[in-house]
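In what follows, structures are represented as structure tokens.
First subunit A sits with subunit B, and in the next complex the same chain sits with subunit C.
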Partner chain A sequence: MDIKRNYYEDIELFKSNTILVWSILFLIFLAFLPWLITTYRPLGLSIYIVNLITIHAIVAIGLNILVGYTGQISMGHAGFFALGAFTAVILIVRWSFPLWIALPIAGFVSSAFGFILGLPALRLKGPYLAIATLGFGMTITTIIKHMEFFGGRMGLQAPKLYLFGTPMKDIHYYYVIMIIAVLMTIGAVKLIKTRVGRAFIAIRDSDIAAEAMGVNLTYYKTLAFAVSAFYTGVAGGLYAFILGFINPESFHLIMSITFLAMVVVGGLGSIMGSIAGAALMTFLDIKLQAIQDIPAIGPALVIFSEKYMSIAGISNVAVIVYGLIMILIVLFEPLGIFGFWIRNKRYWKTWPF
Partner chain B sequence: MLKKNLTFIGVLMVMVFLIAAPATAQKVRGVTDTEILVGQWGPQTGPAAPWGAVARGTDLLFKIINEEGGIHGRKFKYYLRDDSYQPAKTKAIAKEFVEQIGVFAVVGGIGVATGMTARDYLMENKVPWYAPITGVYEWISPIQKYLFAQYPLYDDEAFNLTGYLHEKLGYKKIAMFYQNDDYGKQGAQGVERYLLRKKISLVAKVSAEMTDRDLSTHALKLKNSGAEAVIMWTMPTHAALILAESAKIGFKPQWATSNTLSDSALMMQITKGLWAGMINSFALELPDSNLPLMVKYREWHKKLAPQERWGTFYYAGIAFAEPFVEGVRRAGRDLTADNWVKAMETLKDWKGISSPITFTNPMDRQGGKHVFYGKVKPDGNIERLTDWIRITK
Partner chain C sequence: MDSILKTENLTISFGGIKALNNVSFEVEKGAIYSIIGPNGAGKTTIFNCISGIYQPNSGKLFFKGEDITYLKPYQVAKKGIARTFQNIELFSHMSTMDNLMLGRHLHMKTGVWRGATFLYKGSKAANEEILNREKVEEVIDFLELQAARNQFVINLPYGTRKLVELGRALALEPEVILLDEPSAGMNMEEKGDLMFSIQDIRDDLGITVLLVEHDMNLIMDISDRILALNFGERIAEGLPEEIQKHPEVLKAYLGEEEKVA
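This part shows the complex of A and B:
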């Protein structure tokens, strides 16, 4: 079943009919998700939150290509995210580009900067690369802050977009974002399976060995940065429009770290893990604010926090729970959510043995 | 293995518990026979957390009103949400307020970027929003029917403060020290606008970046200009730094600043006493004011929230919600968003613990147009110099 006889069989998108059927069912589910949400409100979700999750998933996939597959690190992805967001808004506001042209350009602008950032990555490793990328992320927002062209510190209002003459609402954005996300996910899966992806993985496992085998380190390392930045840039462009207003202060260091945490919690070197990580982290980040409304536990936590914590009270508990869930996942399952999936799949497959 | 699955199930259970209660169908969103639902976001965690006291102050006001029996038979139910000063979260909170909790109105809310992500959404859904807590033009232009602003405009405040220094106190050589962002620039703009009218120029205009930590050259520039008075438009840290550097080189002008830095107890502490002598504008009554309303609030504060510091941020939360409550009171038992707007438009020189509030002109949504001036005494208390002065035409 799992035997591959040639290269082309290995790079097939759907390895079996079972996977194909499930993928189609999943796409149908995605198509009906907005209806499900507005009718039943599962988990207190709103379409806006799903949109945010999807955008974060695109970023996480892009970052995973860099961190999980190529073994580099970036703590500056909020910078690429900001670049994408500002480029898209400025193209549409100043030169009235349509969205479907502005988004790829936003992606390419980001990836150009990704390429530049990739150059020092050739010589830097581990903590040193982390600091270099961290500096990059902070520099980008500082530059944007000081240029009136980008709206300065005040920021920019994203214009309202129209679809066939009607202003776009969350549900319209949902389909736009979801289609882009699905395409980019397929792109990432394909990329990893083919020559480029294999070169990335070879670099991750041992860059000296990879070079000895004929992998051009300069080319592939900068490419990994550029691809990763492209994904993040496109996501940034979408982010600007679901938010409606962007300013440089929104793209801070914590955001970069959250992106990295999504990848680690989801599972390094796994596309599915990236999506799961983005979904879990975004959901918790937003929904834990309402922790006091959980029946029974909520009021008890409020009393506890008022008694033993600072006056900000319940918000502290939310942050602690958020951190605790992250720590527990990484502690008990180093492969992240993807690890749970693999483990459970194997368990049921071999059941009852 | 069992253990690992249990953690996973634990995570799932937390998520399931988070299912929000479905909003019940009602005629007016957020208004029932016995309750009025109101929401506010404010940073309780993260770098902007000190400002979170505002949202907790509002909580105190609603508690007081509920203790006194509510308004027209209804009590307030207040939802405070922590947005950590992150716009993406603020928008999620705004959507939660409207789509899931179904609030009648939003009160306060700190930050320009955070508020701007929610502004159009709230207005499209006709959610009354009273007093976003920043003094920028975005809230009042273009006019939004359901959005009322109270915080005095920085531009006008600086304009009037310069006039006070020049005309009343007779300073001829005035310098400006500001932080290089929107807040600082609007202050500088107001100062220059006034001086241009009087055909005098600033003797020095010195700006600092948010990240600057060495202000010795800035202080030297101010000293060399020979300024008699310096107006500063900065955050607390920079205010403390520039005062320390100036004292070191023996530069002692008359300093003056905006109501943003009016928490003099805090400022005395971080400037180690150098804050004394500062001329400050105020948009709220002083913390130890003998105004009956302030006395009442202070008593309730001791009773209901003794753990909080009675600081400017905290009771600003009361000051920025009072006119909203007055609007609800005037709208009567038949409370709808439109009735509330009409009621708000009857407010004329209405006085709570902030400046007199007026909304009678439907084309003007800037309610707070007054400040008063005070001088910081060496013990940190304020000597009140003027009565309320109108700063916005």
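This part shows the complex of A and C:
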């Protein structure tokens, strides 16, 4: 071979200058996003909603590493989310840890439990693993609920945090959350492209071949759970602070399933898809709560629900619409939003350069 | 005789069927050693026992004198034994390059932290990645897989996939390679190329080859020794010309033809 290949090219974060320019523009956009939102309120977004989306994006990336890349399933990620949230709050309230130490610890506590949950995963597949992880999620929230240490049924108040003497508001959290999210996204992209990520994908595509090529299945399957739980734990820690209050009841099964839906809707095995899925599902969830305000469709649905459903019907209609959107996306685009992106990439890749 | 791989009375059964019954053989270092036999004779089962996917009910396996009978598949790979599968087991949603890079798994060290945090060209993870990509490129050149380099395996024709699987095993830089029907599904030309590749693997790379094949011409041409199995029993072992004339072997194959007819 006479042309010397640039092997670094394959693993570079910015494969071309086009991507580099877009990434920088996107970071600038993120820096000004709070200003945009408070000034123009596009789509009725608030900084709080964007924060929630960003936190969910971290969870979705973590879950996608496990489900989309390693091919394992988890219906218990609300448990890891809760572990992260409660660990961060307790560290800060009881032992006055600073946030920047409490968050990684929250991640590591969560990932330690991920490792433990990963052990049964070695023997279980498909529906059996789904049930085991579901049991895990339920057990964690039940334990938290019944221990005084975690505030019991009442939950815990997240402490007010201060930044240079002033109490932190949504906009301050925005920058904290966004910086962490950007770093963790880059981390995930890099991880997937290097040795560990390849081992994960190999296990998904053919565990028997992966093992025959020297991949220690025990280690890498549990590692996938641990990494996934780390992402979710850190996100849980952030969640506690934007919510201001955490209650074990809120980390329920539906939450775990919603996380899974974000990953599937966004695109299994895609980091960018995870973010898109988290954004769409979170946005819909919040917006559909006010479904009656949507022009034209809203009032029609109100009439429909008043006619055919109970008095509290409109919230049911919101859930039904949410479910329908999920079905439609999965039905028409099995690769999720990511699949849609791939098909239209040729167009976007060169625009406007 | 300098044997690199040795089995002693390998026996394994599945629900009453003896897939292997007291099978012993020895493979000389640097040999092309073939295992033949009708369908269901137990050829793949031998490979599965060697690579740790099955554990024999009794009997022993030695690699360079060391007992490897109860090692797990990844430990067997670590010892230097790589393999391909009869029904291709590739990572179909990875590119050819990445499939072969997985073959480098054991030669690399990058873990979660180093992998997730490397950002610049001179970092350890990047250096390791580049070094191993160069190694993989050699394998790609060796098997002439350049055209498939950046394609997803799922989009490749069957014959090419077989080669990618062979490449992945070679990327591991094994001392022994187990090839389970590598020419299945290939056309005559591809088969010819494969035959030369197998000889090069032994001659140029110095890898001992264990081969399961149905193509008798190919087998007789390139094998140093042959083991013939039928219903899990060793029926003959020896040089190609001995096996070709062996009455038991002829009987086993004639029997099969009668069944097919």
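Basically, the second predicted complex is superposed on the first by the 338 of 353 C-alpha atoms of A that agree within 3 Å, B and C clash if a C-alpha of one lies under 4 Å from a C-alpha of the other, contacts with A are read in each partner's own complex, and residues count from 1 in each chain.
Rule of thumb we're sticking to: a contact is a pair of C-beta atoms (placed from the backbone, for glycine too) under 8 Å apart; a residue touches a chain by one contact, two chains touch by 3 or more.
In this text the structure is predicted, and so the values were computed from the model without any measurement.
S.K.: Between subunit B (first) and subunit C (second), which, if any, makes contact with A:Arg198: first, second, both or neither?
M.R.: second
S.K.: Which partner does A:Ala188 contact after superposing on A: first (subunit B), second (subunit C), both, neither?
M.R.: After superposition on chain A, A:Ala188 lies in contact with subunit C alone.
S.K.: Between subunit B and subunit C, whom does A:His172 touch in the aligned arrangement: first, second, both, or neither?
M.R.: A:His172 contacts neither subunit B nor subunit C.
S.K.: Answer with first, second, both or neither: which of subunit B and subunit C does A:Gly269 touch in the superposed model?
M.R.: So A:Gly269 only meets subunit C here.
S.K.: Flag every residue of subunit A that touches subunit C in the complex, lowest number first.
M.R.: Its residues touching subunit C are 1, 5, 7-8, 10-11, 13, 186-188, 190-191, 193-199, 201-202, 204-206, 208-217, 223, 227, 269.
S.K.: Contact residues on subunit B for subunit A in the complex?
M.R.: Contact set of subunit B toward subunit A: 1, 3-5, 7-8, 11, 14-22, 44-46, 49, 52-53, 56, 81-83, 86-89, 91-93, 95-96, 99-100, 112-113, 116-117, 119-121, 180-182, 307-308.
S.K.: Provide the residue numbers of subunit A that touch subunit B in the complex, in ascending order.
M.R.: These residues of subunit A touch subunit B: 41-44, 46, 48-49, 52, 145-146, 152-155, 157, 160, 239, 242-247, 249-250, 254, 280, 283-291, 293-295, 297, 306, 311-313, 315-316, 318-319, 321, 325, 328-329, 332-333, 340, 343-344, 347.
S.K.: In the complex of these two chains, what residues of subunit C are touching subunit A?
M.R.: The touching residues are 51, 53, 72-74, 76-78, 82-83, 85, 89-94, 97-98, 101-103, 105-106, 108-112, 114-119, 121, 125-126, 128-130, 133-134, 137, 141, 146, 168-169, 172.
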